[in-house]
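Both complexes shown next keep subunit A, but they swap its partner, so subunit B is in the first and subunit C is in the second.
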Partner chain A sequence: MLISGIHSRPKYAGLRVDRSGTHHIILSDTPRDIARMVEGLEPAPGPTEVWTVVGACTVTAAEERGPDGSVVRRAFRSRPLMFDMLGHRLARESMGLRLYAIGEEAFLWDVAALARSFGVDGDEIQLDHAGSERRRVFCVHCRAMTENVRTNIVACVGCGAHLTVRDHFSKRLAAFMGVQADAEVRGDLPPVEEIFR
Partner chain B sequence: MTTEFLVPLRVREVEPLSPLLKSFVFEAADGGPVHPAGAGAHLRLLLQNRHQRWKNAYSIVSNPHDRSHLSIIVRKVAQSRGGSAFMHTEVRTGDVLASNPPANLFPIAKTARRHVMVSGGIGVTPFLSYIRAFQSSGAPWELHHFCREDEGALFERLLAPYGGGRIHVHAGQDLSILDASLRSQALGSHLYTCGPGPMMDAVLEKAAGAGWPKGKLHSESFGGEAMGGAPFTAVLMRSGIEVEVGPETTLLDALEAAGVDAPCLCRGGACGQCETAVIEGVPEHRDHYLNEAERASNTSIMTCVSRSKTQRILLDL
Partner chain C sequence: MTLSFKPQETFRDDFSYRNSDEAILRFPFPFVEDSYMYSVNIEPHVKGGPTPAFHAAFDVDEHYVAECQERAIVLAQDPSRCKVLPHMIEAEWDTLELIMESLAADYPEHFSLTRSGTAWTWENRPLGIRDSFTFGDATTLPYGPFEYITRQAQGDFTLQDQRDDNLFVDGGMITCQADWSLEFNIGMSFHEWHGPVPLAHEKGVFDRALKYLLRLQNGQPVRRLNWTMTVNPRMDTSPENYPLWGADRTTVTPENVGRKLHLRVELQTLFRLPRSNAILFGIRCYLCNLEDIARVPKWGKRLHRVLRDLDPALEDYKGLTRYRQTAVAYLSRFDDGADLSLGIQPDVDRL
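After this line comes the complex of A and B, so read on.
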């Protein structure tokens, strides 16, 4: 019972290095083949960093340089650690920076929101979806966020309402809107299906 | 067709700032508050003497939060169309002038985390109201002003009340002095430039070279520069008349002189209001409104600044 044709549903068109920028940071929510997934990295477009969430306690080397020294790689144990570092960095950055994020949608739009809070928007940031389609859902009734939703109907972590996960997306909240599915007749729910794989 | 909505403004004060610059303070003729004018807004004054009419746009320099008056600074331009000379020689305290309400084609970017302004000559005027707005919002800013060497002292004096340290007057200096600054501005900065066309082009190019994206670059052109050119004839299809456009006048001024009520707003090639369909002939585009493809198609012309490459141009007017 998804409502289709909603314009706020983000579309993604791949990442391409924007050579009008003077330096670049590419962020990924999991280890990926960045050279293959970001177009135009060769020849190096100026100082470039690739930041990756590895999600493992084995991460030790926080920073390493590529063979020619042009690309700096940073690994992070977790997203919170990456976001802390990113905020710290953006507070000190200068004009000319371009940001790129690749990963699941909640990650992409968390990066976008943090970047926006530092005035980075429009042409200065590119997002591309990769990985699971699972969603972060915002309950329009209690405002709680339910993470990693794979089904068309989900119980809100905040108020327990059964929410229909809509395609209606908020860039500000970095979440899809969830609206009570059985608001008319309590308990009258459509079949639950896994649709966001 | 334009619907003219004019407000009467009484000249409260005229103050010469230099042989070429005069400041005018207006109040509402009815004694009430003046129309609201955001930072960067301009007034378009309807000026007339027995022989001629002018509609000249001037940036408002007064504090946007103060509704008691509106101020402008007028530069007497040597080869002007006469409007600024009229302001300098004819307009006196107590006179009532008709004006369009303030309009803004050069607003502040509210989301900017820092504001960097670059002006040339009299192009500093919109930034005087910007600075007042920044002073009340607390937003960080800096101004780089470029002028002729002999005008350095004048602009130093004019800008002195606006806060030292953040204002840099580069008299007789080259734009290359901006290079280091453009490369080190904090993320989230916006750049605004106002002044002669070639200067603004050079500033925007420098900023783009330092990695500034288009969305954070803003410019306002003043009508008047590169205004003249070869004379041509505008043939108006709907009105069925021919208008001669002389070497020293604009197409829009010639149309108005001929009694044609042509649409217009900014008179500086920026707003797009005066866009007119071209049926025959090749425009010489001088505006900032049409994009490359629209220019190449030669199907429309901005009458306020553009001219004709062909001796005759047939317009849908």
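After this line comes the complex of A and C, so read on.
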């Protein structure tokens, strides 16, 4: 059974440029219409970068400037390359940076965890969910992560247990909890349904 | 009264755990009236109370040695059942001091603490431990200070950091839990870690409890009781090991329910810690099977009524679905419908 209405489920309220920041980085897990999805980009709030995972190995993360020169764009082959660049960047950052992340939930909280490890926390970072509802699931029995889960029941990639995906979310792990569905009566499983589209 | 420990007891495999008559009478029965619903049932943790389980800051009973051994077994298999985030080191020392001072004061025949500046000597006679160490220097102890002392205490413990008008569960020793995971929950805020609890959020229970706890004062600890049920006297009903104990829930029959099914009570205590301003949360677990509960006539009758009338959402959350009716049928034979006194005291002084 999917236990719903659990209060550890994060709520998201959209992204709005924080003009108390001196410079801004907006991170997206796929190409999106950022100007439409982030409120307050006009007039330009100061140096602003938009980083996007495009999922193609022919791009580089070189800076591209828009026509007015104010917004810098960088394209990334993958999330790991974006996070690697972000780590290098945050290691050199000063006060005044504001981070914004938009995308699937696992992406958002991976960004948040990385930012927190560099002391970027609280009001300095905003997250907003967009795209698929699919989940990263943490197996409470073996601690393996099963990615991109769309169904109420999923086989754990670590121990093979059939996990019920609970609505209990850990920001630290950037994952939902998975608990063996048939631990009481082996094989007694509900029908598999796609519920995280 | 001199405690007689039962070091041979087990909480797994052959489940040889049993309660003596004295242990039954001191059980912290959790139901003050004939029905149960969540409330902010917090009261001062002062010495004295309806049973001797409330007579010490950290209650030690006949199961002490066996429970410390059980904890060591769990940690040997999964050392991360004890985990403390690095910024909580001051709270670790606070915890060590509080538990050592309390045990030595409440049970001087079993524990002693000698302090000379930062040179401390701790003696735990039931476990055969005598260690000299430097308070504040973790390298002088065999484990971190929090792990060191909670390996020598009954019940689980968590450490709550207070910041941003909230409490964060930033550490714990969790080996005898009622189905929650420290590994998953560590770092969560108060409402996040209580996320799965049904009904109580809507009743505002957690908002009020958090407000109350943020104002908790050093030297004025508080307590509450919580409860669930466990098949077999199994301490480690962790979600981590649910694949090992889940099937127990299908083994309850009308013939074995009296001995097999246990009321599991948590005596939860909260202490403000002096240096770190963190909160130490003790979750002391007591197990008593239905047959023994029913030896106290008031408790057998009251438990029958509470289980019979329990809200379905709580039945599901507490995992009672498969055996609740069997338990109600068993307990009904002890319930003549008589009026029962308010409060949890047994109303008898011998069995």
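As a working rule, the second predicted complex is superposed on the first by the 195 of 197 C-alpha atoms of A that agree within 3 Å, B and C clash if a C-alpha of one lies under 4 Å from a C-alpha of the other, contacts with A are read in each partner's own complex, and residues count from 1 in each chain.
Quick note on the criterion: a contact is a pair of C-beta atoms (placed from the backbone, for glycine too) under 8 Å apart; a residue touches a chain by one contact, two chains touch by 3 or more.
From a predicted model like this one, the values you see are computed outputs, not experimental measurements.
Looking at the overlay on subunit A, is there a clash between subunit B and subunit C, or do the two fit?
Overlaying the two complexes on subunit A (C-alpha atoms) leaves subunit C and subunit B fitting together cleanly.
Vertex at subunit A, arms to subunit B and subunit C: angle between C-alpha centres to the nearest 10°?
With subunit A as the vertex, the angle is 60 degrees.
By residue count, is subunit A touched more by subunit B or by subunit C?
The partner that reaches more residues of subunit A in the superposed model: C.
Would you check which partner chain A:E184 touches, where first means subunit B only, second means subunit C only, and both and neither mean what they say?
The answer is second: A:E184 touches subunit C but not subunit B.
Quick one: is A:R16 in contact with subunit B, with subunit C, with both, or with neither? Answer first, second, both or neither.
Neither: A:R16 stays clear of subunit B and subunit C.
Can A:R65 be said to touch subunit B (first), subunit C (second), both, or neither?
In the superposition, A:R65 touches no partner, neither subunit B nor subunit C.
Quick one: minimum Cα-Cα distance, subunit B versus subunit C, in the superposed arrangement, integer Å.
Superposition on chain A places subunit B and subunit C at a least C-alpha distance of 5 Å.
Based on the A-chain superposition described above, do subunit B and subunit C contact any of the same residues on subunit A, and if so which?
Common to the two interfaces on subunit A: residues 122.
For subunit C, which residues count as touching subunit A in their complex?
Residues of subunit C touching subunit A: 164, 181, 183-188, 191-196, 201, 239-243, 246-247, 249-250, 322.
Would you pull the subunit A residues touching subunit B in the complex into a rising list?
20-23, 90, 93-98, 118-124
Using the touch rule from the top, collect the residues of subunit A that touch subunit C in their complex.
Those residues of subunit A that touch subunit C are 3, 6-9, 122, 138, 140-141, 143, 161, 166, 168-173, 177, 179-180, 183-186.
State the interface residues of subunit B toward subunit A in the complex, per the touch definition above.
Subunit B reaches subunit A through residues 111-113, 182-189, 208, 210-216.
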